[in-house]
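Structures follow.
Heads up, the next two complexes both have subunit A, just with different partners, subunit B and then subunit C.
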Partner chain A sequence: MNSKRYVARSTAIAARVLGDETMVMSAVNSTLFTLDEVATVIWESADGATPLEEIVANKICTQYDIPQEVALKDAEGLVEELAGHGLLLLSDKPIAQSTTAPGESQ
Partner chain B sequence: MNGLFAEMTAKALKMNIPLSVQLDLTYRCNERCVHCYLDHHDHGEMTTAEIKNLLDQMADAGVFYLTISGGEILMRRDFFEILEYARLRTFCIKLKTNGILIRKQEADRIKALGVESVQISIYSHVPEVHDAITKLPGSLEQSIEAIRRLRAHGIQVTLANVLMVQNANDYVGVRALAAELDAQFIMDPMITPMMDGDRSILNLNIDETALREVLRNESLTGASIEQSCAPPQGPDADALDMLPCSAGHTACYVSPYGDVYPCVQFPLPSGNVRNTRFVDIWRDSPQLKEVRSITLRDMPSCSKCTHGGTCTRCPGLAYLEGNMRGPSSQDCEKSYARTGIPSENLKARKASSQPRHSLQLVQIQGLQPAARSLASSFAESSAVSA
Partner chain C sequence: MPGVTVAQQRCDVVVEIGDLPIRLCSGDPAFIRLIQDRYAGYVSSSDHASFEFEIELTPPGAESVDEELRVTWEAGRWLMERGDFRAEWNPSTARGRIEQTINPYSLDSVLRIVHTLLLARKGGFLMHASSAIRNGRAFLFAGVSGAGKTTMARLAPPDAALLTDEISYVTLQDGRYTAVGTPFFGELARVGENLRAPIDGVYLLAKGPENKVEPIAGADAVRGLLGNILFFARDPESVKLVFDAAFDFVSRVPVRRLTFVPDSRVWELIV
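The block that comes next holds the complex of A and B.
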């Protein structure tokens, strides 16, 4: 497991938070996905600059009663699946990409 | 409607979120289609900055599906600036265009900006017929070239085929053209009134025999004829509590001038984004609240009609006839064409010998105080007479 993985939302997607879920559609094949509450936290934190391990430690483990090791393993599985659908970008280095919407703070 | 989409729509309905918006950027157009319901003059379109601000507001309000339409959207010089901004706000973007201004450079940018799909109106596979409808010589050839360019980029394209007397039998050819271009095909057999309420273009509608043929063609409707044309059983208790459609419930329409309506086909002025925040109009507009309050049970004629549970009644067309709680005669005609059984409304009209398309003319205007009270008075008075 590589704990220094960086994740960034793809620019080729449509996405909107709906309550505690997020709707995401791949622009590649118009497939619609929904992310649950925990996945939404990871999705919204995927800024390309924050390591996944840090997102899990600061945004997941502080809000949900999940051991860090378990949460990180689940998060790794999630981001790999989303990357497989072209919704997220993964890298061992920070991802220098503007995925921030106008008016949205990093 | 697929399962996940239906699930998210139900959630949006519960949370009062406008999941889908059609935004018309302009009513200007390079075609002059004989059946068009718009006034093509520019009466003060929103500026680029106003539209960007509106896109921010719509994203914050939860809008996911954004249909950008017109008029011809590429008539705006800032079209790609707007599209780029919409992409940044992560909408699922669909475009409606005639494609005439989409050349290689434009197709490249549409691809790069992750547009979900493009809908292009094709009236006939025969150039003389299509061009006579658009009143633009060479328009079919140019639209087809645009479709080829978009498809070459892998962009999903839908050919929209509106039927009228001029092209009543050409849906077969247009569907074959769509297959040849590896594009989707949709067909609409009804011409609708102009947005100002003028019903004169309804004379272009195909006749009853042609409508029956289309609605009973399984390969066109995608529905089993046995089911869709079966004698209706009348609405049950569940049907009486059904909502008419998504207009005003999870969807709305914004005109180039910032006017908000429940739907492009439902011109009930509900607010203007130039003086009220989009989300405030969506949540608090008395007009949208009224639209949301109406179920089949509240419709005096339709709730008693044998077609009530199966009719595709459009509340906007009913509104254009003078009463948003009343029947939409065009949908009554569709139900009759499908099943051979007249609706309560058609029976009443026959009894009073009211000719087809001769209904009350409703003049709809932008959201001026006078128009607002005009619309309200129509709704109230018509409810009494229905």
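The block that comes next holds the complex of A and C.
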């Protein structure tokens, strides 16, 4: 995949960071999701302006011993899954929307 | 020409659960008597009410078998609909209307929904849990159907005051989470005592070969709590309020897992 991919947190959710995890609840169907440490890093970085590739390179590969290619593939799988549940927005262009600062209830 | 005017008697009763008196009005005195019996212990002696619902009884058989509940916010009012009732409630005018058959279970459902909506805005919630007060402290026993809520209520020692065997009422009072009695009952078919006390702990129920209590913290506690909180509205604001309340609650009230065999010795662990 060559095109850049942007991710942004949906506003139709409630989320809180608890320790290394993030708990996210969909306002659409009240389903509760728990993101692990790595997924939390991606979640917190999903500001709609930073390409996923850049998030993975700067926030994942620098902190965890994971090859960029593997980390990006995993990250893409994650964001697609979360987007499928309506928790994230995906686009090949920057996403302009107001999101609450990570760690705060949204 | 002689005529006859029939003036239909309009009757009402004020049912107060938590600190919320709701006036229920109906043109059918028999239905009001049924409500008075059903909510005995929660019928207010005062005429004051925060909200008023006009109940229109529809003929038996008018209900549909649709069991899906829909709670939506439209044009400044809440709409609540299931096969056996249709209700609307305008918080700004403090008035609402319920169409239902004479089945009191429908009214019970509307009251539960209204209380969840109001409690959410005050940091409280209703929970699938039995609850009891002992030595001035309230204990909640949460779980899905069959987890043992009614069993824990049945096994309660004589000095425990039972608040409910099915739906616990959790409210923030003076900065403390407090359990309040409710008339919402389960298999025990007994209205809870209209009492209240600060909550000492929530026990998530699990049946097992021995009695034991284990602390639950963090995300597991939040998950366990949220899995048992009743909320019907699917609008983002309501969901966020409940979500925040669950986090706040677990930061202040211990959550534990209670594995138990169904005999009264389990209450020895509730201290």
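As a working rule, the second predicted complex is superposed on the first by the 98 of 106 C-alpha atoms of A that agree within 3 Å, B and C clash if a C-alpha of one lies under 4 Å from a C-alpha of the other, contacts with A are read in each partner's own complex, and residues count from 1 in each chain.
Criterion: a contact is a pair of C-beta atoms (placed from the backbone, for glycine too) under 8 Å apart; a residue touches a chain by one contact, two chains touch by 3 or more.
Small disclaimer: the values here were computed from a predicted structure and weren't measured.
Chemist: Quick one: subunit B and subunit C on subunit A, clash or fit?
Modeler: clash
Chemist: Counting only touches as set out at the top, which of subunit B and subunit C does A:19 meet: first, second, both, neither?
Modeler: both
Chemist: After superposition on the shared chain, which partner residues are touched by A:11: those of subunit B (first), subunit C (second), both, or neither?
Modeler: both
Chemist: If you stack the two complexes on chain A, which partner ends up touching A:27: first (subunit B), second (subunit C), both, or neither?
Modeler: In the superposition, A:27 contacts both subunit B and subunit C.
Chemist: So in the superposed three-chain picture, is A:67 touching just subunit B, just subunit C, both, or none of them (first/second/both/neither)?
Modeler: neither
Chemist: Between the stretches 41-49, 131-139 or 347-355, which region of subunit B is in steric conflict with subunit C after the superposition?
Modeler: 131-139
Chemist: Same subunit A residues contacting subunit B and subunit C, which ones?
Modeler: 11-14, 16, 18-19, 21, 23, 25, 27, 30, 32, 34
Chemist: Quick check on the complex: what are the subunit B residues that touch subunit A?
Modeler: 2, 4-5, 7-8, 11-12, 15, 17, 52, 56, 59, 62-64, 85, 87-93, 114-117, 156
Chemist: Quick one: in the complex, what on subunit C touches subunit A?
Modeler: Contact set of subunit C toward subunit A: 218-219, 222-223, 226-227, 231, 234-236, 239-240, 243-244, 247.
Chemist: If we count contacts the way the header does, which residues on subunit A are in touch with subunit C in the complex?
Modeler: Residues of subunit A touching subunit C: 11-14, 16, 18-19, 21, 23, 25-30, 32, 34, 105-106.
Chemist: Along subunit A, where are the residues that touch subunit B in the complex?
Modeler: 11-19, 21, 23, 25, 27, 30, 32-34, 101-103
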